[in-house]
Every structure is written in structure tokens, then in C-alpha cells.
Amino acid sequence: MSCEINSTAPTLPLVARFRSAMVRRMSGDGFTSGRFSGEGLACRRGGRLVFAGLHFSVAPGGALVLRGPNGSGKTTLLRLMSGLTPSSSGHMAWDGTPVDDRDAHAARLRFVTHLDAVKPALTIMENLAFWMALWSGKVEDTVILKAMEALDLQRLSAFPARLLSAGQRHRLALARLMVAPAPLWLLDEPGNALDDASLTALAKMIADHRARGGMVVVASHGSAFVEGGMTLDVGAFSPKTPAHWSEEEE
Amino acid sequence: MHKFANPTQFMRIANAIFPWAAGLTVILFLVGLPIALVTSPADYQQGETVRIFYLHVPAAYMGVMVYAIIAVNSAAYLIWRHPMANLVARASAPVGAVFTALCLICGMLWGQPMWGTFWAWDARLTSTLIMFFIYLGYMALGDAFEDPERGDRAAAILALVGSINLPIIKFSVEWWNTLHQPSITSMQGFSVDGSMLTPLFLMMGAYTTFYISVLILRLRGELLAAKIRNARMSQVAISPAAQLAE
Amino acid sequence: MSVFSTVLARDLRLALRQSADSLTVVAFFAIATVLFPFGVGPEANILARIAGGVLWVTALLAALLSLDRVFTVDFEDGTLDQLILSGESLSLVVLAKVIAHWLTTGVPLIIMSPVLAVTLHLPAEGYAPLMLALLLGTPTVSLVGATGAALVLGTRRGGVLLSLLVLPLYIPVLIFGTAAVEAAVTGRSAGPMLMVLGGLMVLAASLSPWATAAALRQAVE
């Protein structure tokens, strides 16, 4: 297994190695981050105003559960928090400073979308090693092993991911959270396709993350795996009147 | 600049311009066409064939101008997200493509008597043909997405990529042309007599005002279509049927 | 280990695991080239005259076919979201992916080209310039094609649309690539054309990753 890991490290001599000066790892075992908040956020998708005047705030160690009917914009809000989708108005702040550098913001978050981002041709080990190398700049067997153990994937580590079931692939996606620490976790319906044992494992992961001072934002229908989090009803920010294509109009 | 971003404001100005642009188009064509096609003197070398130039040259000019307008508006849309800049770019494209096609057709009609063939790989004609393809690609990309906004953004990026590439393509084609066909009469470089300038400028003016008029008409249509689309969207958003989506 | 080398290593590894994909591109290059003698007749002098142009056009088409999937798989399985959120410059990620694409399709095409040139009776002086021109030209093809591939992500007919967008932009590479072979065959120096190809590559390498990154960002917005 260790040779699997070593071979993940690229040894191309011709390739210049660009090294980021940015320090992305949090020191020690706790996060020293502040509060993540948003004010007056609005988002427009395909000409339709999904939500407007939305505000949220998550403290270190806190959790925010996004609720609302389908189409109310839970996924859109998560993508907005990640910086993938720009907001049409409003702003977000991290520790009081506005979030304007998308790359710097991206470095302090992990986003599990409804797409698993699993490469079928690579083994579970290689999949995780890739993400670890991408985010933390190094590959350590022990860290990857711990991540696999957290979601009970260690027995499958040498299997190509194409052999995995939907639930197992999703567990692999969740295991990514463990390979490189980041203070903010954005989870889109993380409980989907998971069995009871995995739901318990996920709950423990989230609890541990929060105990270290991490923050979690979850879009979910059942929140059994988040204890004592705050709830945000995204549907409450949907515009009640039909929105025309420009607010400036009329 | 920013006040033009507001569609209502923009259309107020555009609607005020429209009757003038449309009227001027009619007058310039009524005056320019007879001069260009009948009363202006024939060329001592090309004879009556030279009259095709009064349709061809302004069309070539408009093809390039409209592309420049698309590129500038695309940049404005990408940088400031001005919805009007996007609409101007998208609405201009078919007009520019038609001008480019007109330029090609006139060039071919001129080529038949001059070269004895409808198509020769003349540098200018070839560059124009490639620009026509780039217009086609721009329009095809803009319409290729389910979500119209994605089409807008992708097309805007393509317009900028194209604006960097067009000069490179033009110089490459000119160099290639000198390499292969030094013998034929080029379409460029014949001396323009003073008597030719009047019909040329009249036709250029007519084409320009025609473009402005058509652009305003197309913008009106686009804005109405956007309103209808958004009214429908809002209905979908409110109705329970929408809950199946996502 | 940087983001650049991580992504490059992963893409190379994936290409190696799915090496049939690269081989298909080379096979396309071969079969498309072999069609020409059937189209224009097997006379050696005619084939020798058009060999450079034929090889360049078929190489462009082969590269284009493979470009379709540079970002598509990552886009569909959610990897693209994660790459954009890598916290590092997306242009660097793009450059890594384009280099991986070039190494796995451009290089095999270059290696295959002299074999196909034999079937087209390319004069002996033409071989070195042909391969050098491909070496300098195919990176531009990959770079510009990647921008097109990023733009058509999520469209209904990505592949056909990609050809419409990108082929006109390949004309300068085609002109100078073919001219380099022609110059060498007719006893002139191919140097100036190769320098222009190099210049085009530098220009594409400096602008295209940036445009591609912008296109990718808007694709996942």
C-alpha cells in the first residue's frame, strides 16, 4: 500500500514546481478562525431572483443547517458561500474582513457537493492522496488511513473507485474532509445514500470538527448528524412577488 | 457609462434616436444608391464593375466595426456585468454576420468579371470568410446553453478571444497569400479617385444608420423576450410544480 | 508538491490507465491521413506535394477530437468545482491539464507523423521540419483548444460546436506549420516559420490559460 502512495508523488524532473507561499494549514489541532457571516445576500439564477436580503452568521464551533423546500436556493446559497457563484448583492465576511479574494477564501473551506468528484479509474487511496496533495501539498499515509477509517473505507483502499456503490462513493467524497483540515465545511445533503452506520460516522466527524473550532454549514432535510446547530430557513428569503428582470425598472 | 446600464434609461435614449436613424437610413439609401450604381463615373480599368465596390467596401467596414462593438460590449459585460452591454453585443452579431456575408457575396460577384472566377483566395476575401466563421461560432455558442446567462458569458469570452485572434489570422493570411498567389490582381490597392468618395461615404453612412436602426429594433425585441421569460420564471418559482425541479 | 504537479501527475496517471483514449486519437490521425491517397490518387508527386498540409490538417482534427474531453469529465463528476476551490491560481491548474493533454495526445501525434509521412512520399528534407513544426505548433493547438473546450462545457453538442469555434483560430498555426515543411522541401530555410510557430506558442501560453480559467469559472457559476 505504501508504494501506492509514493507513486502518487509526481517525480517529473522537468516540471517546475510552483510552491504557494500561502500558509493554508491551521496551526496545532484547533482552528484560530473567527466568525463567517453574510449580510443582505441576493442571488439570481437564469433571470429569477432565488433569494434576497439573506443574512447568516456562523461562530467558530458552530453549525448552520439550511432548510427550505426544493428550489428555495439551499444549494445556490452553499455555492455562494464557497465563492463559486457570485452574489448579485450583499457581502460576506470572514472574521470581520470582507471575503473578496476567492482563492484565499477557497483555501479555508471544503465543499462536498451533490457530485462526488471521484475518479473511477483511481483507487480509493489514490483518490484521497490526490486531494491531500492538492490541498496540503504533501501525502501522508497515516492521515489518509485515518480518513478511510473514519468512514469505514480502509478495507477497500486498493480497489478502483469504479467498483464502489453510490453510498460508498459518497463516503469517499466525505473522507476528503479528513485529509486536509480547513475551518469551514460546506455540506450539500451529506446524508444522502448513507446507511445508519455511516450517518453515525458523519455525525462524529462533524462533532469532532466543531470541537476543534471548525464551522459547518449543512443543507439537509434530516439533521440527525448535527447537534445543536442553528437553522436557517432559506425559503423565507424567497421574493414573494414575481421578480422582473431588473430592480431598477419601474 | 453606468447610467446606460439601466435598460429603461438606455431604451429611452434609444427610442429617441430610432426615428432619426431610420429616417436617415432611408434618405441615405435613396440618395446614395442612384449615385453609386448609376450616376458615378465608371472606372477606367474596371469599367462598370467598380460599382460593386460601393456595396462591398462599406459592408467590409461594417463587418469589422460591428465585431469591434461586440468585443467592447463583451468586455464591459464581463467586467461590470452590464446587462445592456451584453444585449448590445448579442443583438449586433446577426447584423454583423449579414454585413460580412454581403461583403463576401459582393466580393465574389466582383471576382467573376475581374478574375474570371467567383472565388479566388485573395487575402482580404479569405480573412473576411474567416471572420464570417467566427461570427457563426459566436452566435452558435451564445444559443447553445439551456441557461441563457451561461450563453451570454461564454459568448462574451469567445468574442474577446476572437478579437485577439483576428489580427493574427489576418496577418497570417496576408503572408500566406503573398507566398502562393503573387500574380492575380488584388482587391486592395487600387487608387481611389475623388469622384468615388461621395458615393462611398454615402453608402457607409447608410449602412451605419441601418445598423443602428436594426440594433434598436432588436434590443426592443430582446428586452420584451427577457420580460416574458422572467415573468414565466417567477410563475414557475411560485407554483408547486417547481418543487420537482432542483 | 504544488497544485501544478499534483494535477499534472493525476491527469497523466488517468491517461495511462485509460490509454485506449490516446491510442484512438493516434488511430484517427492515421486513418484520416490514409484516406487522402484514395481521394487524390496514389501518384507519388501529387502526394508529396500535399503531404505537409494533409498531415497538419489531420493532426489538427485529431487533436480537436481529443480536446472535447479535457474538461468534460471533471465538469460532470464535480472535480472541476473542487479544482476551482483548490485555493491556488486556476490558470496554473489549467496549464497543468493542458500540458497533460499535450503529452498524451500531441506527443503521440508527433511520433506518428513521420510514419504517415512515408505513406505520403514526403521528400526526405521535409521530415525534420515537419516534426519540429508539430512540436512547436501542437502546444498552441492544445492551449487554444482548451479555451474552446472550456467554453462549450455543458452545451448540447459540445464536440461539433468546439470545431466551429476553434478551427478558424487554428489557421495561423496551419499556415506556418505547412509553410515550414514546404520551405524545407523546396530548398529554403524553415527557420523563420518555426520561429513564428514558437512565437504563437508563447502568445497562446501566456493568454490562453487565463481565458480558459475565466471560461471554467463561468461554467460552474
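The letters A, B and C name the chains in turn, as written, and every chain counts its residues from 1.
What we mean here is this: a residue touches a chain if its C-beta (ideal position, glycine included) is under 8 Å from a C-beta of that chain, and two chains touch if they have at least 3 such contacts.
Note that the structure is predicted; figures quoted are calculated from it, not measured.
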Measuring from the mean of all protein Cα atoms shown, which chain centre lies nearest? C
By mean C-alpha position, what chain is farthest away from chain B? A
By number of C-beta contact pairs, the top two chains: A-C
In whole angstrom, what separates the CA-based centres of chain A and chain C? 35
Which whole number of Å gives the spacing of the CA centres of chain B and chain C? 31
Using mean CA coordinates as chain centres, what's the chain A-chain B distance in Å? 46
By the touch definition above, chain C meets two or more other chains at residues 221
Got the chain B residues that touch at least 2 other chains? none
For a test of understanding, state which residues of chain A touch chain C in their complex under the given definition. 8-10, 12, 15-20, 22, 24, 82-86, 103-104, 106-109, 111, 113-119, 121-122, 126, 130-131, 133-135, 137-139
Give every residue of chain C touching chain A within the complex, in rising order. 1-10, 13-14, 17-18, 76-79, 81-90, 92, 220-221
Touching residues (chain side chain C, partner chain B) in the complex: 147, 151-152, 154-157, 161, 164-165, 167-169, 171-172, 175-176, 179, 200, 203, 207, 211, 214-215, 218-219, 221
Listed in rising order, chain B residues that touch chain C in their complex are 78, 130, 133-134, 136-137, 140-141, 144-146, 150, 153-154, 157-158, 160-162, 164-165, 168-169, 172-173, 175-176, 179
